[in-house]
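Shared chain: subunit A. Partners: subunit B in the first complex, subunit C in the second.
== the complex of A and B ==
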């Protein structure tokens, strides 16, 4: 319906993936930017971009369980870790003289398996989640992160142990190596570009799957559980089934994201999967907007690119940054901003970037009138 | 060392030693757990900023008493007051706008507060372990109160004066709090607010004041716990804040809304941690080094599997 984007005459139109033409245009522009970006930016930024694309998969996963199904999980770092180490164990190349578990299998096995193993962990945790509601659940998932950290530090055969670490999964798909420089269709790509495009494809597929999931019967059941779980149960939504499903799907996403997360940097540190990582993903969901797939992606990019932005801003400041920030490093400013952004968004814009977008859209809809 | 002429069998000594250490850990956890419970009961906010309050209090105590040379007692008391003030300030500025919003949003907001504050304080602490100072020689500074600076040796069980002070102080504070809640007018107002905020407001209770008070108490107790955690040989470093996160299992084990439960939970968690630290390396080495650090979370998971609302928590009954 041209000119009347809010008017739907069929249910299919209202629940379409992209209900309006504007959204189709924006999606096209966004994808074009994502495809062109790796050819323009420098290598350091490209690494961040690739990380952001992978983080988006993880953020979508967290949004499914927390934003859509309303089960607050502080344990996302644990599932990311499970995915990362499953993938590394299945897809890593065995090395001489090291007693690490490494089966050296192809990516088409290791990536889905990493997701499935993480999902299995999610299913194991879910029974606890079923008995618990609200804040108790948040606390249990918090405990999960600490237990996970302990396991990752001590299971040296899997993780290399503290201070040693190991390499993540080798990105070899049907024998094609994504973690080396190569050329596709006559275009020479460096290693980071290859990983970036692999991640981008994974992200687009996963985002599409998530979008389809949440506009289906399952997604409506998730929302019902979130809004009032008892009412949902009375209406015939099987709480057990959907809570377990939410955890399993979310963990699957986390597992896939974890498998790719550190492939760009090429090093898996067992201390990386800590509470702060969980909070970073919570921040992505909160800042991007709860219960919004596009918001999760925006939040993931926002949070991951934040250090780079801060760095540039500090260098662009007219004052001498060295004297102003003698004791506080960029990493610290980043953490403080995390905190501040979470607070500001929760107080002033609970819908996140998605909410800001809605406000802008509504403003221009009636322009030049205020309503 | 002050020694008692008793000899105990080796195994018993070891057990008692672990118990003593468990009790002093429990004293720290109990204070933190009480802070969580008081804030949760009064404001329905799960305060993840407790580690920040703890580390802030401990840092201020160290800074005032050593760097500024105010002496142990004045430094600690002022630090407690400052942390209580910080708690009240955080509540007024950041948490008050969240009244009526979903509980998760408020809980996540406290995570944000925690990150922000802890970065600042950790930066101030620096990489080296700071000392927090000791009470002046002769104990409480009052004549007639002899206080041994050396540990007792009770038949092979070493008891640090620090542990005794911690357990006694916590006991006194818990009693004082219970008295405050049961007998004082403001305590009654806090209990009323805990039951129903709107009804309390309708009765003329200053609910905002109750919120501030809850955070003041929470902040003050976090500061005391922080000072305890940093006294004597322990010292103050950024990792001290983890104690506050280990107090969360104590809260959950006891039940989020039970004051008695917080104390019992702290005892269970503290003892479990100490016994694990003593015996795990010998009997279950496959659990990995430093397993005692994650035992609180294991205990929490086990208790929740059996009792989803903790040992003393009230089961939520909801209308649709």
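== the complex of A and C ==
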């Protein structure tokens, strides 16, 4: 309806992902920034951006199980690790003289399989959530991270072992190598740009699928399980099924994210999938906004780019950072800030970045009136 | 202003109701106890189509326990519950819901972080069957089912006069409106039997009037069996076809509202023995 953008005459338009024109414009601006950014920033920042895009996929996954279905999971790092090593084993190139599992298969096989194997692990773990909730579930999933760390350190055929590591999956899609410099449509792209765009496409597709999921029958069932599990059951939602589904879908996202996560740095460290990684993802969800797909993406960028920002700020300080922070490293400051940020967001902005966005939006909606 | 609806409830919810012969629900001699406390002690009754069956009794008499037993939240130790001709004792709540039973709760049990629309759409959960993958792709069957669910939900929103609150989060809404949303969510299931646990509790006169009107409309337009637990005796006596009075988990009277109102045991249970004696003394 021209001239009446707020008027819907079909239910399909009213329940669209982006019902209003303004939202479409904002999405367009966001995508444009993401497409242009890799041509502007330097290589180090580009690596961070690529990591952020991949992290967004993982954050969406965690938000599905924790934000939407309400099952607190501290085990996300484990599923990321499962995805990373599954992809490396299936898609890695066999090397002479090394006894690593590497089947050398194409990305269109290794990437979905990495997700599926992680999802399978999620299904195995999910029954715990049928018995436990809240803190108790968090503690059990926390145990998963330690279990994973132990396996990753000691299964040397898969991971290369502690201090050795291995290369992640080779990014070869139908023979096209994303992990080398190349050119697409006549535009020369360096390795990092190629990986970035691959990740961006995966992220956009996965975000769209997640958005569809949460506005559907399944997404409503997740939210029902989170808000009132007894009422959900009386309305016909099978608790067992939906808790298992939530873990499976979430782990699938983690698996895909894990498969791509370290491809840009080109090195998989068995120690990487630790508790701190899990907490970083929880931070993405909490700071971005629980039960929001856009929030997950914002949170992933925020948390991934945070260390860079902190470092720049410290370097920009007029005092000598080396003498000031002799006993604390930048990494430690980062961790402290994570904690502080989570607490601050939980107290002042429980809806996260998404909540801040809503507030800004509502302010301008009412402008120039105050109320 | 008179609100005119486009569609009758039976057009919005054509699947509601049942074709089963005989009573929709048959409860026979159920006993439920929690570690020595007898919550239900030998209650039997049956509800048929088009019947509004009310259960009354003082606080703690076991009314909500009966509801929880019927809908599968509790499992009585003895007795039998047959719904639509099938034994449902020990069945899981979602399984019983699938057979066509819907309920509302005494203390509102809405999904607080969902909108009114989503709460009612959730009531359509069992009437759709697309899974994770087709939901994610949002094409064909899933899209069609979602749009149909939306249409049904809008019909219910119109019936319950919830239009202004469609997109509001239920946690923000007034109590009376939340009660209506809960009724809408239960209706969306297109049930054959509807359990209403104190639908008018905590409501003011106008809201109670509205709720009574909705219940009467549901009965007239859908013709489904309903069980009502309610403390507002005027509502019960006006609406119910049959009333069961219980006290301490035991049935004390069963009959039409007129009969129940005059039953001395019911008066005693509600007013207490002493008061009853004083009252008798006063009328002499």
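We take it that the second predicted complex is superposed on the first by the 351 of 371 C-alpha atoms of A that agree within 3 Å, B and C clash if a C-alpha of one lies under 4 Å from a C-alpha of the other, contacts with A are read in each partner's own complex, and residues count from 1 in each chain.
Here is the rule we go by: a contact is a pair of C-beta atoms (placed from the backbone, for glycine too) under 8 Å apart; a residue touches a chain by one contact, two chains touch by 3 or more.
Small disclaimer: the values here were computed from a predicted structure and weren't measured.
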Following superposition onto subunit A, is the placement of subunit B relative to subunit C best described as a clash or a fit? fit
Taking the superposition as given, does A:231 touch the first partner, subunit B, the second, subunit C, both, or neither? both
Report for A:279: first if it touches subunit B alone, second if subunit C alone, otherwise both or neither. first
Name the contact category of A:332: first (subunit B only), second (subunit C only), both, or neither. first
According to the stated criteria, A:209 is in contact with first (subunit B), second (subunit C), both, or neither; which is it? second
By the touch definition at the top of the document, which applies to A:150: first (subunit B), second (subunit C), both, or neither? first
Can A:249 be said to touch subunit B (first), subunit C (second), both, or neither? second
In the superposed arrangement, which partner chain does A:29 touch: subunit B (first), subunit C (second), both, or neither? neither
For the superposed three-chain arrangement, provide the angle subunit B-subunit A-subunit C between C-alpha centres, rounded in steps of 10 degrees. 80
Based on the superposed arrangement, let me know which partner A:223 touches: subunit B (first), subunit C (second), both, or neither? second
Broader residue contact with subunit A after superposition on the shared chain, subunit B or subunit C: B
Minimum distance between Cα atoms of subunit B and subunit C in the superposition (Å): 6
Note: overlapping subunit A surface for subunit B and subunit C spans 228, 230-231, 234
Residues of subunit A that touch subunit B when the two form their complex: 72, 128, 131-136, 138-140, 142-144, 146-147, 149-151, 153-155, 228, 230-231, 234, 275-276, 279, 282-283, 286, 327-328, 332, 335-336, 338-343, 346-347, 350
Contact footprint of subunit C on subunit A as seen in their complex: 11-12, 14-15, 209-210, 212-213, 215-221, 223-224, 226-228, 230-239, 245, 249, 291
In their shared complex, at which residues does subunit C touch subunit A? 71-73, 92-94, 97-98, 102-103, 105, 109-114, 118, 121-126, 128, 130-132, 135-138, 142-143, 145-147, 149-151, 154, 185, 189
In the complex, subunit B residues that touch subunit A: 40, 46, 94, 97-98, 101, 103-105, 107-109, 111-117, 119-120, 123, 245, 248-249, 251-252, 256, 287-291, 293-294, 296-298, 300-301, 304-305, 308-310, 316, 318, 320
